[in-house]
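What follows is a pair of complexes built around chain A, which joins chain B in one and chain C in the other.
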Partner chain A sequence: MRYLSWVYLLALFTFILLPVVTLVVFSFQDGRLPVPPFKGVTFEWYAKVLSDRAMMEALFNSLIVALLSSLCALTLGFLAASGLARVILPGSALMRGALIAPMTVSYLIIALGLLQMFNQIGLRPSLLATGIGHVVINLPLCFAIIYAAIGEHQKSALKAARDLGAREWQVLWLVAAPMLMPSLAAAFFLAFTFSWDEFIIAFLLTRFDVTLPVEIWSMLRSGLSPETNAVGSLVFLVSIAIVVVLELTLFRKGSK
Partner chain B sequence: MSIEAQEKRQGVALVTPALLWTLVFFAVPFGAMALMSLAHLEGREIVQGHDLGNYLRIFTDPSLRRGIFVSLEITATVTVISVLLAWPLAWIIATRVPQRWRRMVLLLAVLPFWTSYVVRSYSWALVLGEKGVVMNALVGLGLLAEPVQIMATRAATVTGFVHFFVMLLTLTIYSNLIQLSPNYARAAQDLGASQWQVIRLVILPLTLPGVMTGAFLTFVLCIGDYITPQILGGNNELTLPQLIMLQLGRRGDYPMASALSIVLMAIVTLAYAASARWLKMERV
Partner chain C sequence: MTADVHINAVEHRFNSFTALHRVDLEIAAGEFIVLLGPSGCGKTTLLSIIGGFYTPSEGQVLIGGKDMTHVGPKDRPTTTMFQDYALFPHMTLCDNVAFGLRMRGMSKVARSEKAMEMLDMVGLADKAGRKPHELSGGQRQRVALARALAVEPDVLLLDEPLGALDLKLRRQMQDELKAIQRRVGTTFVHVTHDQEEAMAIADRIVVMNHGRIEHCGTPEEVYLTPKTLFSANFMGEMNRIPVSAAGASPLGQLDVPAGEGLLCLRPENIGLEGQFSLGPARLTEASFFGAHHRCHFTPVNAPDLTLVAHLPQGAYPQVGAEVELFGRDPVILPPAMTEAA
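Right after this comes the complex of A and B.
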């Protein structure tokens, strides 16, 4: 049983890591095809990617869309969670359900609905349209995370602040936000990652200015190329760097 | 105004922006799409109608009906294989790996999450291709006389999906396992259960809610995904999302795309209803 466990662990890790390792290794391929045999190391493809203007613009677009849409989703989610946590309103359960509902619907369907509505009201496919879509998918997530973090202890602290005469914005900004900081941060980074990596909404709702996943997608049409490997490896590297930084700073205290 | 009434008013004021957003950018488009599914295309014009023609066509036209079955088959296969592979992995990490390595091993197990989704599918195309690493190794080792075609088949789609969902399920099952008190296993052992019996009769049933939640998530994400089948599966058989995109792209058939989307949603809703009593959607 003991040996079997290790063999199984090894087998599955091979399966899990195989594509990523292959991706990174062949991004250095000194040749036109990212398949064996490995012909030697070159940084040519990385240089090519980094000097590709369309790619860099897409990267910048992705960052902007992810940043703004996550901030928007976070704000809406935070306000809604603190509202629903403070009083029991008639229809509270229904409101919670309504806010969570988009989570149960495929991105493709959300994108299709928005595309039709934007067509009707004359909003062209754009980064703005994509951003709106990303808030729709991330709002439930932010709301759920923050709402789950407001327990009895937090509720009484908020009530105490109000009883001591704090105005509503002061309660939110000076008491609730600092108190809920870990879950606000978690919600923000999760939303950011989802938006950053989201493809189908961005694919349907952008046209000329595109986000990174859409740009990578159009790259795939030309078949396998070490250049695509290089882009993928770069995205991978950046995400890992962010995770490591978060792990070392933000989440250090909460985890053991 | 009483304090209570004022509290309520402020509560409503805080929830309203989020509710409005959800209403305008989720509920309204969704309603519009449901209406659109009742329309039909005449030439290039969309004609509003109130008939179920599109739905009838989905269930009678062989190529469309086939999409439903292809999607269901792939999703069921992926869900079952992923659960079967992920459970032992999560169990080994939770019980066999020494405590101080555990976090490291877990991080490594979900490392590919951090590449982008599109790139992950692409890297499977890289690995599974005729000249890819896997075929190279198999032929090189003499296990195969010549490369077998995997790319652009259902096997490639399933592999790509399983890869993603094994990671996801390992996480959910692992977090379920470490919450269990070790006393359950100890008590069962004291009462004479063998290790295998402990797993099968005690641990496994206790993780069932977590497994079901994970499996449901897998089902929903898998059946709605366009990227993986499009990159890995080729065009021999099309899943529902691929059919939806085809309607949009080829002739702008929004009515049919909408009807297919509603069918896709209905399938997810049915799956939810079927598994609801085992699901554990914490708190919300």
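Right after this comes the complex of A and C.
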């Protein structure tokens, strides 16, 4: 039995990681095609990517969009969650439902809706439009994570802060935010990665300045090359870095 | 700093449920008041109304002569010590205690000095730099008290603050609370369902049931001369014997003050000697409680009744023996006062 479970574990990790490993390995391919056989190691493709201005611009755009849109989603989600956790209003359940609803709608539908609406109000496809789209998809996520983290203990500490004379912004800034820091950080990093990876909305809502996934897609249209692998590996490296940072800071704290 | 509290005809409803029925209560400045009652009696609702967390459906709350009915907790001269302490986990004890002062715009130096003074009062000055999770329950309790008192409120509201502590620590904290209240002179309004705690600390006890005040008086008054059967039972064990106006009862003719109703006798007021005879009774059960023997007697004239008596150490008859019982300090409640017990 013990032998079998090790085999299972190995098979599981192979299944999950094999595509990524292949991607990374063939980004070093000394040849024109990222397919077996492996012909030798070269850093040529990485050099090409890093000197590709369009690619670097897209990467920078992606970072900005991800950073600003997830900060915005985080702030709005935090305010909504603390408000709805504080008082019971007629229709509280309905409001929660309405806030979470976009999570169940496909990105394609959201993107189409936004595209039509932006056309109506005259907002051209741009990084701003994409950022707004990312706030729309990440707000429900941030709200749900933070709302779930506000328990009786938090509520009563917030009550105590008000009782001691704190104004509402002081309650939120000095007590609620620090107490909810782990979930705020988790919500922020999740929103950041989702925005960083997002393709459909970015594809429909950008035109001249594009985000990284859109740039990679246009590169793929001209055929496979180890260069695409190199870009993929770099993106993967960023994701790994975020996970490692999370592991070292937040989750370690939680297990203490 | 201290102030009196007037509660005028306060009624509070949650949807269709009425939590308080036109409650009137006057609390003098510097008094230690305990709101006592079973869960759901409205005591916590009343406390929340004094603290400003609820606005009453009807009626008025005056604190220090000023109408506070529609003023929020932030702007009231009250602070609350919460049941679960509600300390801020990310702040040190010193910052926790200084929080209210910081909100009042006091300078950093002045407020940490005051916070240290308050921590010193509750005996935790050496732990000022610690975080709440490093403390025991009793210590958190004290920090919560120091934090609530640091802003020098006129009225301190305590919402079952000792509920989570073990018995020994609870007794110790009761003494400390009482001593600190004497020292700072603030009006304390304390909510509990533990009648021993109420008697140990209160200047006056307010016994509540079903959203109404049943009895309000000193611990002695409430325990010895209860006004209703509910408050008689809630304050401790009570023997109940129905009597007629002429003194007739199932036990026979009793030599008690005239009045029809229910004769109430505390177990410690029944014994082998006393002011009036309760007739012969047989001892059916006895157990030793340290300070006394708790004995169950079945009266010979009324075998359906059971009388509980606390007899002094060393002086109790054998189980099965028949003795004559006596009572003292009788309280006779008229029939109108014996409902809803």
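In this text, the second predicted complex is superposed on the first by the 254 of 256 C-alpha atoms of A that agree within 3 Å, B and C clash if a C-alpha of one lies under 4 Å from a C-alpha of the other, contacts with A are read in each partner's own complex, and residues count from 1 in each chain.
We take it that a contact is a pair of C-beta atoms (placed from the backbone, for glycine too) under 8 Å apart; a residue touches a chain by one contact, two chains touch by 3 or more.
Bear in mind that the values here come from a model prediction, so they are computed numbers and not experimental data.
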- [ ] Name the contact category of A:Arg207: first (chain B only), second (chain C only), both, or neither.
- [x] neither
TODO: Would you check which partner chain A:Arg124 touches, where first means chain B only, second means chain C only, and both and neither mean what they say?
DONE: neither
TODO: Scan A:Leu23 for contacts with chain B and chain C and give back first, second, both or neither.
DONE: first
- [ ] State whether chain B or chain C is in contact with more residues of chain A in the superposed arrangement.
- [x] B
TODO: Considering only touches as defined above, state whether A:Lys39 meets chain B (first), chain C (second), both or neither.
DONE: neither
TODO: Give one of first, second, both or neither to describe whether A:Arg167 is in contact with chain B, with chain C, with both, or with none.
DONE: second
TODO: For A:Val175, select first, second, both or neither according to whether it touches chain B, chain C, the two together, or no partner.
DONE: second
Task: Sites on chain A touched by chain C in the complex - done: 152-153, 156-157, 159-167, 170, 174-175, 178-179, 181
Open item on the list: Show me the residue ranges of chain A that touch chain B in the complex, using the header's touch definition.
Closed with: 1-2, 5-6, 8-9, 12-13, 15-20, 22-23, 26, 33-36, 76-77, 79-80, 82-84, 86-87, 89, 95-96, 98-102, 104-110, 112-114, 116-117, 120, 132-133, 135-136, 139, 143-144, 147-148, 168, 196-197, 199-200, 204, 212-213, 216-217, 220, 224, 228-229, 231-232, 235-236, 239-240, 243, 255
- [ ] Under the touch definition given earlier, write down the residues of chain B that touch chain A in their complex.
- [x] 4, 7-8, 10-15, 17-19, 21-22, 25-30, 32-33, 36, 85, 88-89, 92-93, 96-97, 103, 105, 108-109, 111-112, 114-120, 122-127, 129, 131-133, 136, 163, 166-167, 195, 220, 223-227, 231, 241, 244-245, 248, 254, 257-258, 261, 264-265, 268, 272, 282-284
- [ ] Quick one: which bits of chain C touch chain A in the complex? Just the residue numbers, please.
- [x] 51, 53, 72-75, 78-80, 82-84, 86-90, 99-100, 103-104, 147-148, 151
